[in-house]
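We just call them A, B, C and D in the order they show up, numbering each chain from 1.
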């Protein structure tokens, strides 16, 4: 009940109306949703990652999102392949955790084992599924990871593993300890989380001394907070509100698409799928319902992804051709008049409902019988993941996020016949995915590229729509440029003060 | 009175039990929390593991038995998502809701009684009309709409108030104003009607025949009688607020139990849902008792 | 002329109502002097209370409007005085008490405070006000006055509440007390006590008393002068004795003629075997025994009156016999069969033989049903009585039988006056062709003239159709004219029963005697005798 | 005993028989209260558009036209139906509001009617049947009242499917206790009235007493609550849409339109304003109607309307 005393006290104390929390070099960041936990091993969740990643906890490697340096060292200074299946990481020296203990190889081993433990459900462990990885400490600053089968992108995977001290128990913690430049100083549930700068950080001292995170689910409120000076950064606001010169847009690594279940007629017919693709005027969305800068997608991954195929071309809007294809299919006895259910998720992205309404309207125009149903997240999951509802042809509108730089995180789940959200079951695709996963270097690039082309041009696997852009509102007192990674992390060290 | 309270307690307990059973079983029909908790590309093994850790693989009846046996030891279980005792999570946010509800209802009650009484004394005159129409418009507008317009106007355009959140007394003004509108309109109407009735009652005639002045006639003789029907409505409205003001809490980022409840419902965090329902139900029960006591204090005929 | 304490001159008041403007009083004039009692006599709608309301500034405007006249108090015209001046007079120099003291006392404040408030409203200190309140409560005879100060109105009996009202009115020793039907809702014995109290207080203080009443008995008992009002006008005035013996206006004469208790008493001859035998009928609510074992018989075509004061259990008998409540013990044999053990279904069939007419016809007729529906409902419930084709004719016949027009069938209850409504209720009872009609205070809510008409109607039906009646009443004169036998009840017990002549002329029980003595007679001379008898009984 | 009424209320002489002139009388009473008259006119317009609107305007309301996206109001260049502007997909707002009135009315009327019928039936039973039945029903009402309506919405809409019918179901269930409690309280009072006793004395069955004698008396109260509830349900539906668990596009309701339009409040206010205004006006009209009804349905108050439009309320 301290709020009541506070209420009384404030009447005397408050003189400044506008609480612009600007203590020296502190920033306030307003996010859409409060994290349930501030648990390093859950940092792949965007609401946790934005607070934890690179601020409280660090990883061995780090993907460069501002330049094109690729994978950069962080807690590991270098790494190499010892043999086909063993990666060796040389760790940075002189690093300490925020609890004062020194960082060494045992911490890395513990962190990896903790993340994979079946006593807690750490999200990042899913990236190691199906591969056996055994860490072994070589010396204090050297650790080996032995994998079976070979795992060419292990260093990339290490950019996801947050390192915690070896004393960390195998249960979810609310007081994270990491090697990062900041430490969690307070957490008022429902209100705010505050990080303070550490003095004994191994790297360069960031400019921001402390960061307060506030949580508002309504995007226009978030935008308003930056406008009124109550917050300095709102990493994601609605495109509709992004009208001031405080607003920056950034590709947010999300790709929207309509997943097609190829096993149900008439969607098992390639002409029908092609007609779906041709019947949507993607250009019309850009700059209207969706923000300027939205890119039309030819793959489920953004162009910066390894192996993205520049030769695949988006299918231009061609309603006549779509109609013709449908006629053709119909003539061959394909039941093109069957009602197709289009499932969209409410509030999936700003303008989601309008987007799906427009798509429905466009598809109806070319002769499809489409019924739109907007559902909440739990129901969406029922449609999106296997086992599928199969009593009628269904298009599931979904958004996929992969800013990891390698398509392996997407391809297996979305296109391999065992993938939980795969709409296709195609032997050639399966083969390409498996081979690419095991490959390295140029071969890997080539195989992914072939797969991208095959999916888009030959299989017409799905209706790819857009690579989305996000909008951030940045207050006048700070200097921050959002990047493709802003969706999943927000390193305070990248924020400058004016 | 004591006997009645005892009866009330028993019947409320029964209702609460029925409620728990219903919520427990029905909420488990609304899908697998594992699917929501874990990312879409999590493997079946991970899901299985999640269910195992949280005991979701057992038959529902076994789960219920376990829940009840924990409950008698006042263990409400842990939140699936927050890895903390559910009751802690709920109480934390309930404190906010309680304050919000109490402050709002206190303001509403005072304002509605004053304005309603004045309106009743001036039936059909401009003040009465104006108060009625204004309260009607307020009560007819969707609250999220009012909330956002309020933020745009008072925070963004005028810069008078903070947009949202908690912290200073100023942060409370907008949420309270938005919450204020609907119960105010309703209670105002009840006060007005009840006052008009009471003003026409024989004892007012007596008071006037005794030479009592207008003000005591209204505020001493009439008001106390007119409050009786009003109290019930105040109780109902306060109960609604105690259940959480989801919309207002969501928009203003107010960490109350309403927002907690909708989040837990959407995420299928069963233990939190149950704990929240129990806490609010008990609070409402206590409030009903207070209402009964207030009733008895106001009306000697009920005390017997 | 100018020397009267209070004088109303040429007062006219009108109200906006459903039927447009209604002139409630039309140019009336009267006056009242110190130490004098003036009665305003009239039936409902006569406007008898309007001048009092005007004096006390209690007329709401709108819908009321005073169109002419003046009210002179101590020579000052109240209608021209400011609101504040008039407030200062109220309670201090002119006080008023009302019928229904329960409604007129504020339910949520202690009575001591309410009495003291009169003094405090006029600037007396709190201590002084409370002292005065205590004195008055003792004076008006509230037992244990000190403790009673903190009690609430609902904790007192009806008579005590009226005493409290009187105390409240007299706190500041006003010059004038206006009493609007002060004894109407009270039992006869209590009524006599309250009137005596008023008289004593008047002697003590020398105040002028304005008594508004519909009861000729009250006038005979208490008034020095009386004015008779009809339709908003004063039709006649004079001393009670003048009015009684030399009434000039036909309306006054009609009123006097309607006063019950003047006719021949019936000499019922019981020939047949009883159709109803009530034995040891009991009802208790928890520890309270409402009826402690009643025994009586009723013969076909006979009229049995049940009299007693409120709480005597007389209505309980009716409710138990008709199974509106379940008895705690005893038997009610109707034509040899015990009603109390009948199943709901059997009871439903039996009900057509036993009907009831309730006290308040406004309440007992469903306001949402037309008269036709109300009466024909009997045949909907008991379809074997009459084929549907004959309903219309029979309804019209019944309406004529109770003195209404056939075309009234299409109207709704609220479009009738009280007496007409009671006629409808009687027609409804007759529709079932019952053998017994129980009248529970069936005429006590009606004006005297109407009362007389309804009683006459019932008597005619009894003679023509041979229906037996159980006639429950608190009003002895009505019973005297109508009943064959009388049953006197007190606190759940039958204290005396016998033929009507025996009860009225040679009552055996003290209670019966007191009851008879407390009744008011419209003849001032008879009433004077009664008063002596009453005082004698009280002394004994 | 000239009565508890004052001397001035003279018993109404038997004038104005019912029947053909009933309607005219109703109209006169309506005319006497100008506000209520306007309210009813407005409600009739809403009703009309709900019934016939979708037939004529369905296509226009669904046809996207991105060139007219967020078209500002009061411009007639795009045609009459753009007078209130266009929405985010360039669909004419006026047409959409008219078409949406059908769903809105169906949901509100369905929920109110459903809860009214079920609630008052249960209330009649609870009030007239024995103590135990009554007690059980009342506890049931308690349970419903403390069952979070959002949870109920999620359960129903998840287990069944999100459709208008199921939304009506959810809203109806949550409103049942209101009618149940009111009905029961009224029945407990009315069953003791003399005319009910009189019917009992005549041998009327329980069913007849309940439906013929008790129900008509409490119906005005229930109808008053229902009109107010109608407004409440519209707002509740709107709040559910806001929280993402109510009706979803491509269905349209006023509530959903407000909810969708709210994100454009700063740059295209009309998207949320017009449907919001429709809700406010309808709610206000219902409120006015209900206060008029309170007077018109009460025989002792009716005169206020019959003497001419000087007073109301």
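Here are a few things to note about the model shown:
The criterion applied here is as follows: contacts are C-beta pairs under 8 Å (C-beta built on N, C-alpha and C of every residue); 3 or more make two chains touch, one makes a residue touch a chain.
Please read all numbers here as calculations on a predicted model, not as lab measurements.
The minimum number of touch steps separating subunit A from subunit C is 2. Centroid distances built from C-alpha atoms place C farthest away from subunit B. In whole angstrom, the spacing between the mean C-alpha positions of subunit A and subunit D is 46.
The distance from the centre of subunit A to the centre of subunit B, with each centre set as the mean of the Cα atoms, comes to 38 Å. Between the CA-based centres of subunit B and subunit C the separation comes to 50 Å, rounded to the whole angstrom. The set of subunit A residues that touch two or more partner chains comprises 220, 376, 378-379. Residues of subunit D in contact with at least two other chains: 154, 158, 245, 262, 265-266, 311. Annotation for subunit C: residues 100, 103 touch two or more other chains. Taken as a contact graph, with one node per protein chain and an edge wherever two chains touch, the assembly fits none of the named shapes, being neither a line, a ring, a star nor a complete graph.
The chain pairs satisfying the stated touch condition come to A-B, A-D, B-C, B-D, C-D.
Considering their complex, residues 1, 3-4, 6-7, 10-11, 14, 17-19, 36-37, 39, 44-45, 118-121, 123, 125-126, 129-130, 171-172, 174, 189-192, 214-218, 220-221, 224-225, 227-228, 230, 376-379, 381-382, 384-385, 409, 413, 420-421 of subunit A touch subunit B. Of all residues in subunit B, those touching subunit D in their complex are 11-12, 14-16, 18-19, 22-23, 26-27, 29-31, 123-124, 128, 132-133, 136-137, 139-145, 148-149, 152, 156, 239, 243, 246-247, 250, 261-262, 265-266, 273, 277, 280-281, 284. Subunit C meets subunit B in the complex at residues 56-58, 87-92, 95-96, 98, 100, 103-110, 117-118, 121-122, 152, 154, 165, 168-169.
The part of subunit D that touches subunit C in the complex is made up of residues 1-4, 6-19, 193-195, 197-205, 208, 212-213, 216-217, 299, 302-303, 306-307, 310-311.
Residue ranges of subunit B in contact with subunit A, taken from their complex: 30-31, 35-46, 49-50, 52-53, 79, 81-84, 89, 92-93, 95-96, 99, 148, 151-152, 155-156, 159-170, 172, 250-256, 259-260, 266, 268.
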